[in-house]
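The structure appears below as structure tokens.
Labels A, B, C and D are assigned to the chains in the order they are written; within every chain, residues are numbered from 1.
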Amino acid sequence: MAPDPANDRITTWIGSSTSDTITVAGRDLPGELMGTVTLTDLAYLLVTRREPTAGQRRLLDAVLVSLADHGLTPSALAARLTYTGAPEAIQGAVAAGLLGAGSVLLGPAGDTAVFLADALPDDHADEALRGAAAEAVEGRRRQRLRVPGLGHPVHRVEDPRTPRLYALAQEEGVLGPHLRLLRFVADAQADASGRRLPINGAGAAGAALVDIGIPPMSVRGVVLIARTAGLVAHLTEEAETPMGMTLWHEAERRAEPPAYG
Amino acid sequence: MAPDPANDRITTWIGSSTSDTITVAGRDLPGELMGTVTLTDLAYLLVTRREPTAGQRRLLDAVLVSLADHGLTPSALAARLTYTGAPEAIQGAVAAGLLGAGSVLLGPAGDTAVFLADALPDDHADEALRGAAAEAVEGRRRQRLRVPGLGHPVHRVEDPRTPRLYALAQEEGVLGPHLRLLRFVADAQADASGRRLPINGAGAAGAALVDIGIPPMSVRGVVLIARTAGLVAHLTEEAETPMGMTLWHEAERRAEPPAYG
Amino acid sequence: MAPDPANDRITTWIGSSTSDTITVAGRDLPGELMGTVTLTDLAYLLVTRREPTAGQRRLLDAVLVSLADHGLTPSALAARLTYTGAPEAIQGAVAAGLLGAGSVLLGPAGDTAVFLADALPDDHADEALRGAAAEAVEGRRRQRLRVPGLGHPVHRVEDPRTPRLYALAQEEGVLGPHLRLLRFVADAQADASGRRLPINGAGAAGAALVDIGIPPMSVRGVVLIARTAGLVAHLTEEAETPMGMTLWHEAERRAEPPAYG
Amino acid sequence: MAPDPANDRITTWIGSSTSDTITVAGRDLPGELMGTVTLTDLAYLLVTRREPTAGQRRLLDAVLVSLADHGLTPSALAARLTYTGAPEAIQGAVAAGLLGAGSVLLGPAGDTAVFLADALPDDHADEALRGAAAEAVEGRRRQRLRVPGLGHPVHRVEDPRTPRLYALAQEEGVLGPHLRLLRFVADAQADASGRRLPINGAGAAGAALVDIGIPPMSVRGVVLIARTAGLVAHLTEEAETPMGMTLWHEAERRAEPPAYG
């Protein structure tokens, strides 16, 4: 197949090096970035190609902190069980933990981001957002799909991260149209179904990330930065007080073989 | 096999939740962490169970920033090529990128950390460090193993990250025994081999992380937090200006089949 | 959350062991399986809970052989590049290669299987299949989605695996309704679009697997067994005559930095 | 860095394609491989570049069958828990399962293969093998390392796979020097320690694979082909009768938080 020469270029904005320089995001790494910016700043810069404002930085850190860890989730357990078999390759255990960030767990932040970005009208006035929310909710219901960003199996009345994220966004002056639209979506869903579901922390996080300038398609990835921090903590703990072998033996002990065919 | 009841416990310090609270590292997540700490702070807290001092925080951020990205490395290319086949599962592309963090690439930070921690004497005076360094280098040479933390294929005279990290550690008052020992290791290696190799950025990073309190065994994992940020940036870029298909077609075009057996 | 006790069971048909026995799929592993069945037989047995007939076995092997390797694909390149960084953890390199089996590459076999299984009418007569194919193609076109199983970037006129799979299925008497439906789908697509696309090898493979009894949802996984064999071959070759470093240096050499923002 | 032009080639023996042909291992894929060889044959061919004899084929299948699955192991549990979070990306769940194939679990087959290949003397007479075994065991004990291939946490007296593999190798005339050396290694270990450990199934598998011509460094990879089959079965079962959520809730319910720091 003859590749299109116009598409046959390899370009990158992210980084390059020579024998005595390292450039990241167009900045001299040792001179302009190390000691000057945080990892959160650099992540924002690399993904958006802009430096965050003080408010964007604080909200991004709040979102990342809110998603870093949720205890012994399937993701953390998969990482720990992988460590049990291959403790010498910790990158594999972290990778295993990240692989569970999909449509059911952790992925909903990105799904909400894409859903809201698709639904957002040009006019950001309350009335326009309310109408767009009703339409988007109706569309999901027609396709018999869940509305992303709503409901939580544990936090059935209110997810404690949600009001905190909204308050921080307000305080920093970055409460934008996606966070606002998400509230109207929750209202529309309650009207349509007769049962109010809380805005969950993942949904609020996804909306907040788009409001501070993260591309909707990148939200799912940005969430993984936070989760890697949580997984590294789990593996540090697993090395000291392991639970992998116990989980294994208990599963085997409890397993009931069905009648064999 | 009867599991030892004493080992049969499942404990975690990291996180837990109830219907209206989420606790991470013993702190109330929305009330005490969100809006208050950075992701870097939280990573430090989760891994060490202490809050960082201002100097530790700045050095940790500098290390993470120094390791986040190095351009179109094998790790970044593997992530991009994985995205080519499965763009709907970005967690898989990030995982693929992390899996290349092993003994050759990225792993050396952790290897240096463990090497230095094993070699460090109780007495941290210059003379004691110099002797320990000579002994540790001699031990590696006897086993015909490379001394970790030294040499770089591109930065042959000086890795520009290294003097910056030492200067920052000095400035913040956290230039500790592992960073100091690494300098004596470089001297001992030059004496023994007759050829001076520069301290590479990964090695200096590993030493600095141990000096600010990261357990040596966790260094390899902490590095992955930074790398995840770099990989997410590569995948954001790959979605906009892809190079995966070009890399594929070029490899196929260039491949020379040997005579078939 | 109170888990429903009825759902709170852990059952598995696959395997168990005691101090002196190992049972897999309800059979004594050393006495009934080792030396008696092939890996292909065991895979069939574990996934379907039935032993394959001779014809099913031959077709399953043909499908697996057809999908094991396609040269220096993105999946093979990702595995090789991962090996470059972490040669000591070959499981990571294989995993990286598998992670690219998604919606674009390798996944289409499973997508075709699910698409055909959903479209298949109860009546398997030609006329009924023709009608179901037309309807299914129309449905995809209405949603502006591609019809799975058709077209190939390299094999534009005919994918050489396809006629071979159909001939083998015919010869073994296992040419079933899914393979037949796929032909009508190709016809319906040609009628609707005015341009005939060949049935690709992945699509024919997916149809054949469902015809021999693999659950449609498992097709995507079964394909990975074959691909693992191909990846292990690539990594064996990479250890002897590596290309990872060359791919890296070429990508860096060719990379054109855009104007920095 | 100027790459050495002599190393700057990209060669592959494995596969290539044109618009109307697909070549794998130097054979025409549809004409010479599909319908003619099994997946096991193809794996052998790709890894060794030779076709297996009947005896090699039967032993390879027996080894792969013996390693495909061992019930609810950490590897299977990690795959199932990953599926819980990301059921749409089954390649990620399989990858997570493979990532636990390391130094503790599943890796020992490869470790035994490399250990035996390194220890094997040129002279394969019993006396020479006995001496080489004693020396190799002594070497491991001096380094305070375990002797690979011996002992099993469940099968303390005899691993039922081991005598079956030896009997099959004998029957097929492929009981070679590595399987024989492993028996002397078990004797030498018993003599040196005063306590006999059984040859475990992974160790016998690793020795058998080298005896039939698999390169020692590739054994760890070949084992993964078998394990992929087992993992696909676990995920098929998990889709029907899931245990992931139960494992999660039980881990959380059982977790005891230590006193917070």
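Quick note on the criterion: contacts are C-beta pairs under 8 Å (C-beta built on N, C-alpha and C of every residue); 3 or more make two chains touch, one makes a residue touch a chain.
These figures come from a predicted structure and were not determined experimentally.
Asks: If you tally contacting C-beta pairs, which comes out ahead, B-D or A-B? Let me know.
Replies: Of A-B and B-D, it is A-B that has more C-beta pairs in contact.
Asks: Please flag the chain sitting at the greatest distance from subunit B, going by CA centroids.
Replies: In terms of C-alpha centroids, the chain at the greatest distance from subunit B is C.
Asks: How many angstrom between the C-alpha centroids of subunit B and subunit A?
Replies: Computed value for the inter-centroid distance: 23 Å.
Asks: Round to the nearest whole Å and give the separation of the Cα centres of subunit B and subunit C.
Replies: Centre separation, subunit B to subunit C: 36 Å.
Asks: Can you work out the whole-Å distance between the CA centroids of subunit B and subunit D?
Replies: 30
Asks: So which bits of subunit C are touching at least two other chains?
Replies: Only 1, 9-13, 16, 71-72, 86, 88-89, 91-92, 95-96, 99-102, 106-107, 154, 243, 247, 251-252, 255 qualify.
Asks: Taking the touch rule as given, give the residues of subunit A at its contact with subunit B in the complex, in rising order.
Replies: By the definition above, subunit A touches subunit B via 1, 3, 7-22, 24, 29-31, 33-35, 37-40, 42-43, 46-47, 58, 61-62, 64-66, 68-72, 76, 89-92, 94-96, 98-102, 106-107, 110, 154-158, 160-161, 163-165, 168, 215, 217-218, 220-222, 224-226, 228-237, 239, 241, 243, 245-247, 249.
Asks: Under the touch definition given earlier, write down the residues of subunit B that touch subunit D in their complex.
Replies: Interface residues on the subunit B side: 1, 9-13, 16, 25-26, 49-50, 86, 88-89, 91-92, 95, 99, 153-154, 251-252, 254-258, 260-261.
Asks: Along subunit C, where are the residues that touch subunit B in the complex?
Replies: Touching subunit B: residues 71-75, 77-78, 81-82, 84-89, 92-93, 95-96, 99-107, 243-244, 247-248, 250-252, 255 of subunit C.
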